[in-house]
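So that you can tell them apart, the chains are marked A, B, C and D in the order they are listed, and the count of residues begins at 1 in each.
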Amino acid sequence: MKSYIDEKIEAFKKTNKNRARLLINCADQPGIVAAVSQFLYEHNANIIESNQYSTDPHGGEFFIRIEFEMDDLKAQAEKLEADFQRVKEAFNMEATFKYVDQIKKMAIFVSKEPHCLLELLWEWQSGDLMADISLVISNHETSREFVERLGIPYYYIPANKDIRKQVEEKQIQLLQEYEIDVIVLARYMQILTPHFVETFKNKIINIHHSFLPAFIGAKPYERAYHRGVKLIGATSHYVTNDLDEGPIIEQDISRVDHRDNVEAMKKIGQSVERSVLARAIKWHLEDRIIVYGNKTIVF
Amino acid sequence: MKSYIDEKIEAFKKTNKNRARLLINCADQPGIVAAVSQFLYEHNANIIESNQYSTDPHGGEFFIRIEFEMDDLKAQAEKLEADFQRVKEAFNMEATFKYVDQIKKMAIFVSKEPHCLLELLWEWQSGDLMADISLVISNHETSREFVERLGIPYYYIPANKDIRKQVEEKQIQLLQEYEIDVIVLARYMQILTPHFVETFKNKIINIHHSFLPAFIGAKPYERAYHRGVKLIGATSHYVTNDLDEGPIIEQDISRVDHRDNVEAMKKIGQSVERSVLARAIKWHLEDRIIVYGNKTIVF
Amino acid sequence: MKSYIDEKIEAFKKTNKNRARLLINCADQPGIVAAVSQFLYEHNANIIESNQYSTDPHGGEFFIRIEFEMDDLKAQAEKLEADFQRVKEAFNMEATFKYVDQIKKMAIFVSKEPHCLLELLWEWQSGDLMADISLVISNHETSREFVERLGIPYYYIPANKDIRKQVEEKQIQLLQEYEIDVIVLARYMQILTPHFVETFKNKIINIHHSFLPAFIGAKPYERAYHRGVKLIGATSHYVTNDLDEGPIIEQDISRVDHRDNVEAMKKIGQSVERSVLARAIKWHLEDRIIVYGNKTIVF
Amino acid sequence: MKSYIDEKIEAFKKTNKNRARLLINCADQPGIVAAVSQFLYEHNANIIESNQYSTDPHGGEFFIRIEFEMDDLKAQAEKLEADFQRVKEAFNMEATFKYVDQIKKMAIFVSKEPHCLLELLWEWQSGDLMADISLVISNHETSREFVERLGIPYYYIPANKDIRKQVEEKQIQLLQEYEIDVIVLARYMQILTPHFVETFKNKIINIHHSFLPAFIGAKPYERAYHRGVKLIGATSHYVTNDLDEGPIIEQDISRVDHRDNVEAMKKIGQSVERSVLARAIKWHLEDRIIVYGNKTIVF
């Protein structure tokens, strides 16, 4: 199985070996786009896609994401980045080059309910989730079979709030060993410590089973049922130390009515959770998301 | 203008003079549907539409809404209701007959923003909102022109929290004078007292500009913007004494993204508010909503 | 794997051993609901859910679906059906009793693209698609691994229009051997002969990758792209001898824009196809669909 | 009434007096963005929003829309456009400058059904449709009252296919007299001649009451009903000489089910038509739409 995916990944890397993304933010000021596009033009880079946004054209914060192609990119990258220092300093930018063929290494955390994990594995198998799913960590054995069958290592680490520190030590050790770039909490029902969150800042993506800020915390479907809502939803967000308060990446909803009990809402909701999480992760993998304050800009 | 609407209303009354709705709830138990349908059959009533729901088929609460036609209904109604007493008592039912040609008398309350009021007037003019809009009450003069032009009385009653009692006295007097059946708060930005709410129990329909229970209370769009949500919504509900906590009738949402500031969210939201409120009111006018605890059953 | 699903199926059968559905259609006339509900009441059946529809209350066709429970249903079923003959004849009904614990036997046909098959297997594993997936038939070997891994027999039958007759003979033999109740064409790209369609009338469910009647026939995404549509869709329908003209069960759409090329549309469309087909099949398995002329009534 | 709108328009013009849009298309080639953004920077223009698209980064067609602000724009515009000639020629561009305070003059054509017209008037009154609605032309008297009450001239020009030529002569005369920039067919049920269409190329926006290309031509709701679709829709497009085949600007759909007859579908559909047409017109007024072949790019 793994070899089948590996082939897809290799093909993707080959296709995209000359493709990169440049992500910039800085204070809005005249001449940014001119300077950056002139720079890329002079370096023979061909702009494929470009998106920009300013919180306020008169003195706000400016963001731009440019996807470009450049012959022989691998050999040129070092010089390109060095040359860009000049532009960066002129406008006091934060700027990052991302190389599309550097596939991100992903860890998935899951507890008992496997639907989000299964969706991600499904998308991954079909080549729509371009990541290296390096390992799955769970506090349950439930999903071992699905995961190992695909050739992905599965680590069972029992967890509860009394042993949080030891559990996270083991997890962090594994994540560092595998050089993980992004952690997906695919319905992982344990709270993470500030230390863990800080270690992987803006790299942990969670799915919460409500349209936040409604029903923060535990048992959102039960509470939605008792409130008698006509819509249930799901929210994918970066994890911060405030429970379910991190920057929202994507949300969606589905209709319910008086006939739907808690069980029915969970079933309906699972379908929303699956698609919301998958979209959020794809955008992250494509470097489309910029976190600014407690919000996201999704290009 | 009024005469044009009056014609539509008269035509509707004539078409529906033999049509009624029977709304029942009682403890779920064997034989209810058999007894009710046998009763209607014996009285030569023709069932047009029937919807039922039980909170739990084993000992829950049972609800049914039957729309039926019957020749010469006006002459038969009294006997029909009297005869039904027997069935009602046998099953210990709450049961109400509603006659479709008894058009409900509606009062609309509005403050400054006219979009919901305008939507209702629009639907009313096109014959899609079958009510007698008897009067509009506002704490602003803004909408007088639109309303009076359609031949509807407009009452300007300045309001603020210090004079709430006097204001509501005047309002209640008007509502009783016009024999109002249903009150629509079409973005009326004043809080009602428990006395007012109790006087018109399950007869006051509000539109709140968020997908409740998110952003209860003031300035939901501002708060939605600051939270960085990707969906904004609106909720129509019956008013109770707990602010924005009454039984939800209908909700809907619209997508927003990082480019939408508070102003843009308001514009997008207005469109959702308009349609959510209009749907809720139509269902109320068609006797499709049963309030049960703090929830609604919408047939 | 199979044993895991088998357990779910056994649990479902046990839970539903006393549950049945009664599906009726006949000319609309007074007294139908009274007679049927009286009959069920006298036989100690407890109505769980009931839906009815008439094409025209004044002389149209009447449809009702009643889901009910009855103690010791297995022992009572024969007598129940025999007794019902009287009601059936009185109203000249077509009527069928369906027993919920008689899980339907399903065959899935697939060609190269596995996304719809995978979705169905996914839903099946999670217990949301209550069918016995007895076999998969394909004109390609692509999906063998996924299918056999779950313990489902996989039959590779090469097909093209020149050998259609022989291919269908083999298929029909297998379908009869496995006593198949419902055939799902999960992106099976071969046209079926009138003989095949007739043999399994109203038992073949197809997914077409457009919002019919737009883009009937081959290459709908290519044609959607060239037409410059802003929505793409999918349609699930029963198969008749008119290509893509059978009774529609379910449709849905997704937004696209000028940036989406044919490949992107296919990806977006796959997600719609998956969910539309899964919903249609669930409704079929729950006996919620009545075919009437070239339309469906979905209760 | 007119004076109230006029005030809104004046305020809008004042706010936007220094704002313009530059729309460009040309063969994709290196250096376009650099040249254009450098040009704007040198002319002290501040980019507010920028969107670009290429049909193919390797030799396709390139499109960009830049919204910018510039001090004292009115005085500078002539020089700006003259200076831009150099860039334009260097890249063999089609390029247009649009000045935001030059409000477009709009004519609305309507037949009997007023719902789309009413929606546009509603949006216009609330300041969301920034156009000068100069006149309404109709082949019926139905909407005269609504329109004249708002101070808009209403021209009743009876029409049928036998007198098409004379009718269009009168219409064209009026449109030229009022110097009309954009013509909206808000459910105008007459076919236009090639001469008329050619005279106002890419300036006539129609709303068709189906999700094209399904149900081209007459009576789409009737045909949707008979086909038994589960979705109905609406499409707004530029008018060309091929009936309902012009470049699609926007589409949307709404769910229907077996209970909805043709009348119900029309009601549901009207709501979709209203919002689809309003969105298409807003994008046109904001110069967001580029017609390319038989498609639109909507920035």
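Following the convention adopted for this analysis, a contact is a pair of C-beta atoms (placed from the backbone, for glycine too) under 8 Å apart; a residue touches a chain by one contact, two chains touch by 3 or more.
Which protein is which chain? UniProt says A, B, C, D = Formyltetrahydrofolate deformylase.
A quick note: this is a predicted structure, and the numbers were derived from the prediction, not measured.
Trainee: Per the definition at the top, count C-beta pairs in contact and tell me whether C-D or A-C has more.
Mentor: C-D
Trainee: Report back the single chain whose CA centre is most distant from the CA centre of subunit A.
Mentor: Most distant chain from subunit A: B.
Trainee: Mind checking the centre-to-centre distance between subunit C and subunit D? Centres are C-alpha means, answer in whole Å.
Mentor: Roughly 43 Å, centre to centre.
Trainee: Round to the nearest whole Å and give the separation of the Cα centres of subunit A and subunit C.
Mentor: Here subunit A and subunit C have centroids separated by 37 Å.
Trainee: By the touch rule stated above, which residues of subunit D touch at least two different other chains?
Mentor: Residues: none.
Trainee: If every chain is a node and each touching pair gets an edge, what shape is that graph: line, ring, star, complete or other?
Mentor: The chain contacts form a complete graph, every chain touching every other.
Trainee: For the complex, which residues does subunit A have touching subunit B?
Mentor: Subunit A reaches subunit B through residues 53, 211-215, 227-231, 233, 247-253, 257-259, 294-298.
Trainee: Spell out the part of subunit D that touches subunit B in their complex, as residue ranges.
Mentor: Residues in contact with subunit B: 114-115, 118, 122, 126, 128, 149, 267, 271, 275.
Trainee: Note which residues of subunit B are touching subunit C in the complex, please.
Mentor: Contact set of subunit B toward subunit C: 30-31, 33-34, 37-38, 40-41, 44, 46-50, 52, 54, 57-58, 69.
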